[in-house]
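Shared chain: subunit A. Partners: subunit B in the first complex, subunit C in the second.
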Partner chain A sequence: MSDTAVLLPDQGQTRKTGRWLYAASVTLLCAWVIVPLYFLLINTLSAPETVNSFPKSFVPEFDLGSLTFFAGFQGMLTALKNSIVVAFLTMVMSILIGAPAGYALSRFEFRGKEAFRLLILLTRAFPLPLLALPLAVMFIRTGLDDTAFGLALVHTTLAIPFAVLITFSLFSGIPVELEEAAWTLGCTRLTAFTKVVLPLILPGITASAIFAFVISWNEVFAAAVLTIENRTLTAFLLQTLGEAPLHLKFAGGFILVVPALIFIFAVRKYLFAMWGIANR
Partner chain B sequence: MNARLLPYVLILPVTLFLCLFFLYPFVLVAAQAFGGADGLSLDNFRDVVSYWKFPISLKNTMLLAALVVPVQLALALLMATMVNRMKKGRDLVLYIWTIPLGISDLAAGIIWLAIFEQSGFLNSMMTGLGLADGPVNFLSYQNPGMVFLAIALAEIWRATAIMLVILVAGIGLIPKEYYEAAEVFGASPWQRFLRVTLPMLRPSLQTALILRVVLAFEVFAVVAALGGTVMPVLMGEIYAYQFDLQNGGAAAAMALIVLGISIVFTVIILRVLRVPKGATI
Partner chain C sequence: MAEIQIRNVAKCFGSYQALHDINLTIADQEFMVLLGASGCGKSTLLRIIAGLETQTTGEVWIGGRRIDHLPPKDRGIAMVFQNYAVFPHLTVFENIGFGLRMQKMRNDEVTRRVTRTAELMHIEQLLTRYSGELSGGQRQRVAVARALAMEPDVILMDEPLSNLDALLRLEMRAELKGVLAESNTTAIYVTHDQVEAMSLADRISVMHQGRIVQAASPVEVYRDPAERFVAGFIGNPPMNFLPARNTGAGRWAVANQVFDGPDVPATALEFAIRPEDVRPADEGLEARVRLVEPLGAHLLLTCDVGGAMFRAILDSDMTVRAGDELKLAAMPDRIRWFDPDTSLSIA
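Now for the complex of A and B:
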C-alpha cells in the first residue's frame, strides 16, 4: 500500500502536505503545553479585582497586586520557607544516601545485587505518599511530628529510588579504566574517587539533586498529612483551597510553577540519559 | 577496605533507610488497618467499603485512570516518534514538552482552574465568540461531566511528560540498523512503527505504564483544586478519614485498598508486556 503512494505522480504534493501537517501538529502540541501556563501568568500579573472580574483579558496588565497579596497573606511566607527547608533537606539526604548505592550498582558484582535492585524498583511501583499515614503515628512517638525533618524523611523515600538510578547511570558512564589508571598511579580507592570520578560526575549529581528538590517541592499528600503548624506551601495552599480568594490561588500556583521551569531547563540534558539506562 | 565487603557497605544506608521508611510503614499500615478493639478484625474494611461514598470514589478513580492513561500513552507515543525524526529545534521542542514534568499536581489543578472557573478563560472565550450568553459555572454540581472532563484534561496535560521522557529515552536505544533493514524490505513508516518501534520499546512501555497507572490511582490534588467535593476520589477520601473524621484505622484500610489495586495493575502490566529473556537490546 505504501508502494502505490510512492508511485503517485503528485508525490511532491503529498510530501509537502505531510511536512506541513507535521509542523502544525508540533506547534499545536507546544501550544497545548504553553497556553495554560500563559493563562496562569496573566492571572498572577493582574490586580485582584481583575482576576475576579469577567470577561478576562488575554494580555497581562503587569500589576503586582495579586503577588503582594500572596506575600502578605498570614502564614504564606512561613509556608514558603518551610517548603524550601524540607526540599533542601530531601535533596541533601537523598544524594548522600543514594549516591553510594548508585556507585555500588555500577562498579561491583555482588550477591544480593538483584534483590537490591528489585527493592529499589519496587518503591517506584508503590503509592508512596500513603506511607505518611502510619508515619504520622510513629513521628508523634519520636517527636518528629510536624517538623521539617520528619517530612523530609518521607520525601527522601520518594526521591531515593531516582537518586540511586540516576547516579547508577552516571557512574556507569565513566569508564572503570579511568579509576584503575589512578590506582596504578598511587591513588587509593578513595582518592581515585574524589580526584577522578567526582569532578566528572559533579554536574550529573547536581542534576539529580535538583530532581530530588523538585520531588519534595511538589509533593502534596504527605505534606498535608504530616504537617499541621509548620505547613509547606503545597499543604498550605491545599488547606486554603476551600475559602481562599481566586487571586491567592493563582499567585500560589505561579510560585509553585516557577522552580519547575528552571529545574527542567537545568536538568534537560540528563533527563533522557537517566531513563534510558534505568530501563535496561 | 576489603573489596568484597565494600559494595555492601555502600548499599547499607539505602537499605536501612528503605527498611525503616518504606517496608516498616507498610507493616504499620497493615497493623492499623486490621487492628480492632480486640485483636485482628476486618471492621475497618467493612466500615470503609459500606460507606456510601466508597463506590462513587472507586468508580471515579477508575474511570479517570481508564480515560487518562490510554490518551496519555497515545499522545506520548505520537510525541516521541515526532521528536525522533526531528532535526531542527529538537531541544527546544523537548524542553517545552517536558515542562509539565516539573509541575506539581496542585499547581496543575490551579492552572486549569484559571481556564474552567466561572470568570475564567474558557467562559471569556466562549462569550467573546458569541457561543454563550454569559459565564457558565462549569465546576458545580450541575455539571459533573464537565468537572470530570476538566480534571481529566489537567491530568493529561500534567502527566504525559513523564511517559514522553521514558519513551524518548527508550526509542533512543533502538539501533538505527533495524529501521534501515525494515526500509530496505519496503516497510512503510506505519509498518516500521508497528513492527520495529513498538516491540523494541516494550521495556520502556512497561516502566512508563506502571509509573503512570500507579500515579493515576493516587490522583488527589488536581481533584481537590478543580472538583472540590463534587467528584470524590480514593485518595481524597483517605485524606478526609485521616483529617476530618480523625479515623486512622479507616484511612489505613483505604490505603491498603489503593495499594492492593496498584499491585494488581502492576502485575497485570508486567505480565502483558513481558520482555522475553535475552531479547533486550
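Now for the complex of A and C:
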C-alpha cells in the first residue's frame, strides 16, 4: 500500500504493537475455547486405562475403548435416543409456532408490535428453576410428566424466541414486492408463500430449526426435573456424574458437545442475522 | 376490450387521505401515464387498480367488469415493479413462465410463449441464468417479459425505469413504447419523470395531493395546463408567472407592459408564459439578467421582471451577460392566464 510509505516511524511502531496485541487476544480467546475441547477429544479417543492414569498424554491414541464402554453403559443409548426425540419434537414445534410469528412481525403492522418483540425475548429472562416446580406439578396432573412430548413443550418455550427472531429477520430480508409480483401472476397469498417465499427462506428455516434442536439438546435443568425414567442424555449424565468412571464422563461429554458444535458452526451466519449483524 | 374505469375512488391511511374522489376512464389500448411528485398518490392509485391495496370507497371496472373486490390474480392485470421483483430462486425462463405455470398451461405452450416474449425483449440468451447473474437493465427486461407473457388485458408499471442509469433508461423507454404499442394492451404507467411521461403517454394524468388535476394528451398538458400547479410542474424550467392587473376591457397590465387577455371582472390574474416562448425584441417585458447558463443549443437566462423571477430560453448565438438589460416579447398565442384564487386556467 502506498500510504505505509509516508507513515512516521512511531506510527508504524504503534500499528505493529496494536497488531501484536490483536493477534495475542485472538490466540488467547481461541485457546480458551479450544483447549478444553481438545482435552475432551484426547480423553474420549483414549483407552479407559490411559484416561485414568497419570501423566496425561497430549496426543490421542485413537482407541475406541471409552466410546464402546459408553455405548454399552446401561441406559445410555436410551438416553441418547430420548435426547434426539425431544430435540426433534422441539425443532418441529418451535418452527411451526415461531415461523408464522416471524412472518406476521415482518409483514403486518399491528398495535403493540414492538412490545411483542421485546416480550418474546423476555421469556428468556424468566428463570427456569422458578417455573420448574409448578410445571412439574402441572405435568404430573395432566400426565405429561416423564414424556418426551412434555419435555419438548418446555424446550419449545425456550427455543421459540430465537425461532421468531431468526425467521423475522429472514422474512424481512425478502422484499414484499416478490410476494406482490406473485399475487399479480396468479398466486393466492398461500401459493405465493409456498412458491416464492418458502424456497427463499428454506435455508434460514433449516438453520433456525437446527438451532432449536441444539437448545433442546443442551438443556439440562428442565430435563432433570421433568423426567425420571425417560431421561435425556444431559439429565442422565448429570445423574450418573457422581459415580461414573472418568472415561465415561469424557465420552458422554464428547457425544453431547460434538453435535452442538457442528450444528452451531453450520448455522452461524443466521445467528448473526438474528442480531442484525451482517455476515463477514 | 379492456377499458378501465375508476369511479369515485378514495383512499385513507388512518386519518391521512391519500386519494380524493378519483374519477378516470382509460380507453382500451391506451397508454396512460400517472405523473406527479412523490407522495401525490399515483402509486396508491395504481396499487388499488392492481388489487395490492384496497380503496376506502369507490369502484374499479376493467372491460365492463367490476373488479375491485377481486384478488390481484383474477383481475386480468400484470404488473412491473420499480425494483423488478424478479424471483431470485428461479431462472429467467421460469420467471417469465411463472404466471403461465400458475395457469396450468401445457409445457410446450409455456416454452413457446416464454421464448417469444424473451425474443421480444432481447433476452433469449439469458433464459438459463438466475437474477443474481443479471444487470439491472436485464432484470428490468425480465420483469417486463414476465408481465407480457401473461398476455394481460392491462399492464401496470410502477416507475419501472427509475432504478436504471440515465442512458439505459432512454434506451428502455423507446423499447417499451414499441413493445407495448404492438401488444395491444391497455397500459398504466406511474412516473415522477415528466420527460418519460411526455415521451410515452397517449394521455397524461397529472396528480397532486391525491387528486387528478389534469388528464390530457402530453402536448395539451404542456401547452394548456388546466391548473397553475400543472404549469409550474411540467416543463424544465416550468412556466413563468407574473401578476397582472385589470385595466379594463380585457386589457391587463403586466410589469411594464399591457397585454390583451380574458375579459373577466377580476381585478387581478396571473400571466403565464413558457421560457422558450419569449424572444428578445425592441418592445417587451423589461428584464434584468441575473444569471446566464449556456446549455449548448440554448442559453438559459434567469432574469428579474418587475421584481419577480423570470426564466427565458434564448438561442445560444446571442451574447448576453449577467447584469444586461433585455426586452423580452411574449408570443401572444402562447400566453396563458390563471385565476389566483382558484388556480384554474382562464381561456
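Here is the rule we go by: the second predicted complex is superposed on the first by the 255 of 280 C-alpha atoms of A that agree within 3 Å, B and C clash if a C-alpha of one lies under 4 Å from a C-alpha of the other, contacts with A are read in each partner's own complex, and residues count from 1 in each chain.
Methods note: a contact is a pair of C-beta atoms (placed from the backbone, for glycine too) under 8 Å apart; a residue touches a chain by one contact, two chains touch by 3 or more.
What you see is a predicted model, and the numbers here were worked out from it, not measured in a lab.
After the subunit A overlay, clash or fit between subunit B and subunit C?
With subunit A as the common anchor, subunit B and subunit C both fit in the superposed model.
Applying the document's definition of touch, where does A:P127 land relative to subunit B and subunit C: first, second, both, or neither?
First partner only.
Compare subunit B and subunit C by how many residues of subunit A each one touches, and report the one with more.
The partner with more contacted residues on subunit A is B.
Once the structures are superposed on A, label A:W32 by its partner contacts, choosing first (subunit B), second (subunit C), both or neither.
So A:W32 only meets subunit B here.
For A:E177, decide between first (touching subunit B), second (touching subunit C), both and neither.
second
Given the touch rule stated above, what does A:G204 touch, subunit B (first), subunit C (second), both, or neither?
Once the two structures are laid over each other on A, A:G204 reaches no partner at all.
With the two complexes superposed on chain A, say which partner A:N52 touches: subunit B (first), subunit C (second), both, or neither.
first
Which partner does A:T191 contact after superposing on A: first (subunit B), second (subunit C), both, neither?
second
Looking at A:G150, would you say it contacts subunit B, subunit C, both, or neither? Reply first, second, both or neither.
neither
If you've got the overlay open, could you tell me the nearest Cα approach between subunit B and subunit C in whole angstrom?
10
Would you mind listing the overlap between the subunit B footprint and the subunit C footprint on subunit A?
Comparing the two interfaces on subunit A, one with subunit B and one with subunit C, no residues are shared.
Under the definition above, what is the set of subunit C residues touching subunit A in their complex?
Of all residues in subunit C, those touching subunit A are 50-52, 71-73, 77-79, 81-83, 85, 87-89, 98-99, 102-103, 146, 150, 156.
Looking at the complex, which residues from subunit B come into contact with subunit A?
So the residues of subunit B in touch with subunit A come to 1, 4, 6-8, 10-11, 13-15, 17-18, 21-22, 25-26, 28-29, 32, 78-79, 82, 86, 91, 93-107, 110-115, 117-121, 123-124, 127-128, 135, 157, 165-166, 168-170, 172-173, 186-191, 203-204, 207, 210-211, 214, 217-218, 220-221, 224-225, 228, 235, 238-239, 242-243, 248, 251-252, 255, 258-259, 262-263, 266, 280-281.
Under the stated contact criterion, what part of subunit A meets subunit B in this complex?
Those in contact with subunit B are residues 1-3, 5, 22, 25-26, 29-30, 32-34, 36-37, 39-40, 42-43, 52-56, 58, 96-98, 100-101, 103-105, 107-108, 110, 112-113, 116, 119-120, 123-131, 133-138, 153-154, 156-157, 160, 164, 189, 214, 217-221, 224-225, 234, 237-238, 241-242, 246, 249-250, 252-253, 256-257, 259-261, 263-265, 268, 271-276, 278-280.
With touch defined as at the start, can you tell me which subunit A residues reach subunit C in the complex?
Within the complex, subunit A touches subunit C at residues 175, 177-178, 180-188, 191, 195-196, 199-200.
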